[in-house]
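Paired with chain B in one complex and with chain C in the other, chain A is shared by the two complexes that follow.
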Partner chain A sequence: MYTMGIDIGSASSKAVILKDGRDIICDAVIQAGTGTSGPDRVMEEIYSKSGISPDDIKRTVATGYGRFSVETADRQVSEITCHAKGISFLIPGAHTILDIGGQDVKAIAIDDKGSVRNFYMNDKCAAGTGRFIEVMSRILEVDISEMGDWDEKSKENVVVSSTCTVFAESEVISLLSQKKNKEDIIRGVHNSVVSRASGLLYRTALEDKVVFTGGVAKNEGVYRSLVRELKRPVYRAEKPQITGAVGAACIAWNDLQQ
Partner chain B sequence: MLDVINDSMTSKEMLDILVAKNMEDARQAKKNGGLVCWSSSIAPCEFMEAMDIYTVYPENHVVGIAARKGAPELLEYAERKGYNNDICGYARANLAYMDVQHCVSEEMPLPDVVFFCNNICETLVKWYENLAKELNVPCICIDVPFNQGDTVTEENIRYVEAQFKQVIAQLEDLTGRPFNYEKFYEVQKIAAQNANDWYDATMMCAATPSPLNGFNMFNYMALIVCMRGREECGVTFRKLKQELQEMVDKGESGLKGAEEKYRIMWDGIACWPYLSHTYKVLKNLGCNMVGSTYPSAWALRYTPGNMYELAKAYTSMGNNLSLKGQIDLRENIIKETKCDGVVMHMNRSCKMCDFLQYEVGQKLQEDLNIPITTFDGDQADPRNYSKAQYETRIEALVEMMADR
Partner chain C sequence: MENTKLDQYIKQLAEIADAPGKACYDLKASGKNLVGWVAPYAPEEIVYAAGAIPVGLWGGQVELKKARTYLPPFACSIMQSIMEGEATGVYDILSAVLIPAPCDTLKCFGQKWKGSCPAIPFVHPQNRKLDCAVDFLAGQYEMIRKKLEEILSVEITDEALADAIAVYNDCRYAVREFTEVAADYPQIITPTVRHQILKAAMFMDKKDYTVIIKGITHELRKMKPQEWGGKKVIVTGITLEPTDLLQIFEEFSVAVVGDDLAQESRQFRTDVVYYGSPIRSLAKQWQNHRACSLAFDPYKERVSYLSRLARATKADGVIIALMKFCDPEEYDVPIIMEEMEKEGIPLLTIEIDQQSNSYEQIKTRIQSFVESME
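What follows is the complex of A and B.
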């Protein structure tokens, strides 16, 4: 029996098909979020990739910022609960989740069953989110997917403010005009994101295993900076962007069992 | 004013009449040469009432403006004048109103005297000093020390009590009349009774299901703020209590059109610019706000005529308590009103609320194993709130409550 999880975020759309609550049969990610063609395209892609017909999907749960725009969903569940269930499914033994998405940063403490114990999210500010890195990548003229590789080459410590995206943007422009190396500025940007996010993590309760999810978890530079900051192993799912959708598909399966 | 309401009316009808008449009476008083006072919300109104000084409340006035979406113009005016947007939204809007004297809500007459008691926050000190300086009117202050320790000390109470003599002297100077001790005693009897009636009515939300939803309670709050020294205030609350008791007897919920599935405590001031949104999101998920610090905030209990007890009541109110006092207060509310979760308003205006919030939240979770969520907002400034962020957090809270 198939269930589907759909996660419509602010920057991307993700879908997952789960078989019998155990096996991820297929997943799809489109880099366009709510209010764009992304949600429709991710549905087209997952059906064409999997060869499964919409009629075979017994239940669908939607999550993410655009969760209420998914007409095929049987119900909506918040991203917090979906990430908790998704990570608990993918990485058993996880107790702390840091999710950095397009415009949200979430720190979530979960128990052994994947239930949320506690969570904190960013305030009304884009600092420390995926959007922050996107803005900086434009100024630096470096493709966002290459930011991690550039970061690896950094040799000199450069500090970028973590308080405000707009001010940090001016700061980066100023660092560029001072002829600072791009790789050092990029590491400064990544450290700034982690500085902001770790504040939420420390507040929420930091317990092993710590798992990093969301689109930003694909950025090796941010990942390495997080490991340096936390001084403990940090786990990532193989595809960190789809964990919310996996959780949604698991919840859809659990619904059917009740 | 008792002639304008009668027992055949519902408490809501009484409330509407009294709120409208209250500001109109203040405007008339001003026009006819009477004295008008601007006062902070939990200052001893007993003194002003005793001297027939018509008292209006800037905090309550801004609430009306913010709820009608009229705050941005005033906030921007204040910012242009030099008040930083980190300053309390009530203060900014009121300091602007002092100049502009126009708003989307009731017009409030300018004061002949300003009066504050810093038992609720310290911003009041500079806010009211500025009002007094710019309007060239006297500023009467009752300085209440913060209760750093676990108890309200004798020294603090005596210090506050000693200031009452000074307040009386200032009022005699202002009015040119001797202080009316007889009326003062009568007003104390009314105010002390009103405090009990307010608490008794609003704590009806301890029943399951609660006959009162907290957002409806916010409406009635206008009376306890603005008319605490008037008899009709208590008449309305006693009527409200009677109506709520009838609902309890029938097992009716105050959450209109929704079943009360979860009971939550709201921590902090309401997010007035988005009152309807914050309410509807909760209601649509079956959450009734039954717990808050508002019932106890005006439960100022004392024996009429006893100045020491009067000082103690104003010194011991919730906002003026130590961290432990604030935690104990909330734990009792959660237990008494049987709450399943807590929504904490990270209110950018109120430093008093925000700086304690994290520690309070941690302790509530630890001691009561109750889920909490926080959201960004403001009591007057709509710019600090995001609807989508609020919705996600409330949904997650509901999912956590459902999971326990």
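What follows is the complex of A and C.
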């Protein structure tokens, strides 16, 4: 029996098909989020990739910022609950999740069953989010997918403030005009994201295992900075962008069992 | 069960709460002088004893244009909105305005009123428990009395003050009774309705308001409470509005069964007890005021008050409605978090920003909070 999880975020759309609540049959990611063609395109892609017909999907749960705009969904569940379920499914034993997406940062403490114990979200501010890194990559003229590689080459410590994207942007411009190395500025950007996120993480009990998820978890520079900050192993799912959709598909399966 | 009388009472208060400007113009048209008081606390009884109607100024959802000239961007959200109102003539209908100073922003705010009516800034002493705190505040209240007498050309007698105190104590009792009874009727007294009922008190003659709120409680009591399938919460903070935000509570079946909001229950929690003279009695009320972020309290009674309130009302959790850039409230948040964790009471913080009308993030927080309690 197939269930589907759809995660419509602010920057991307993700879909996952789960078989019998156990096997991930197919996943699809489109880099366009709510209010764009992304949600439609991700549905088209997952059906064509998997060869599964919409009629075979027994239940669909939608999550993410655009969850209420998914007409085919049977139920909407918040992304916090879905990430918790998804991570618990993918990485058993996880108790702390850091999710950095396009516009939200969330620190979530979960129990052994993947239920949320408590969570903390960022303020209404782009600092420390995926959008923050995106803005910086544009000024630095470095493709966002290459930011991690640049970060690895850094030798000098450069501080970029973590309070405001707009201020940080002008800070980075002035660092560039001071002829600071791009790789050092990039590490500064990544450290700034982690400094903001760790403020939320430290509010949780920070129990092991700690898992880093969301689109930004793909950035090796941010990941390494997080490990340096927490001084403990940090786990990542193989495809960190789809964990919310995986959780939604698991919840759809659990719904069918009741 | 239908209850036309109850619906009428609620509608009457909801209309006032939703359009306070109109309510004020109606009062003015009936021949009453209006005296504003800036949030959070002021001795309304002195205004009432002068034959005027006290009107609470708590900001609102406004776009800022002129306020930016006078306030830094990180001044609290309510003050920003009130400043915009001052500078754009919203408060020109008032005869005077009382401005308290329980926080740094208000201290400076009282010194730069931009409205057309006279401002009367005053200070609540923070060393509240000393005897001289009552002496000091009584002095401040005498100053307010004298200035109002001059502005309104009336004499404010001790007898009128004593009568006003009786009217207000009666009202406080009626509101406390309402909030207790309303908790059993979340289907009728939704978060929006509850807020409207309590907010209307700021724009009415308290005598008229008390009659209606007593009527609501009376009508509710006639009805059989129904089982509530959703979650029940206590809300704490300065304010919890506007309606768009409260509707998110309703969307996820979250009932408000008690509150510790400065704009709502904190206004009605502390009676004015007799203490020598009417003015000294009013001053004594500040000494008796408890469990409030804006009143110095080294024991932080607010924290245990919240857990007691949550248990007494059988609430599933507590929601902090954190006023953006309100320092006294922000300092309390980590202390409340620690206590709720210890007590095993689920806690959520949402941000109240009068300059924003986007609630998606709050929606996610509330939905996640409800899901985490299931």
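Here is the rule we go by: the second predicted complex is superposed on the first by the 258 of 258 C-alpha atoms of A that agree within 3 Å, B and C clash if a C-alpha of one lies under 4 Å from a C-alpha of the other, contacts with A are read in each partner's own complex, and residues count from 1 in each chain.
Just so we're on the same page, a contact is a pair of C-beta atoms (placed from the backbone, for glycine too) under 8 Å apart; a residue touches a chain by one contact, two chains touch by 3 or more.
Small disclaimer: the values here were computed from a predicted structure and weren't measured.
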Combined model on chain A where chain B meets chain C, clash or fit: clash
Chain B versus chain C as contact partner of A:Y235, first or second or both or neither: neither
First, second, both or neither for A:Y47, with chain B first and chain C second: neither
Which of chain B and chain C A:E79 touches, first, second, both or neither: both
A:W253 touches, of chain B and chain C: first, second, both or neither? neither
Which of chain B and chain C A:N118 touches, first, second, both or neither: both
On chain A, positions contacted by chain B and by chain C: 65, 76-81, 104, 115-116, 118-119, 121, 123-124, 203
Footprint of chain B on chain A - complex, ascending: 65, 76-81, 104, 115-116, 118-121, 123-124, 203
Chain C residues within the chain A interface of the complex: 337, 341, 346-347, 351, 353, 356, 358, 360-361, 364-365, 367-368, 371-372
Residue ranges of chain B in contact with chain A within the complex: 346, 358, 365, 371-374, 376, 384-386, 388-389, 392-393, 395-396, 399-400, 403
Footprint of chain C on chain A - complex, ascending: 65, 76-81, 104, 115-119, 121, 123-124, 203
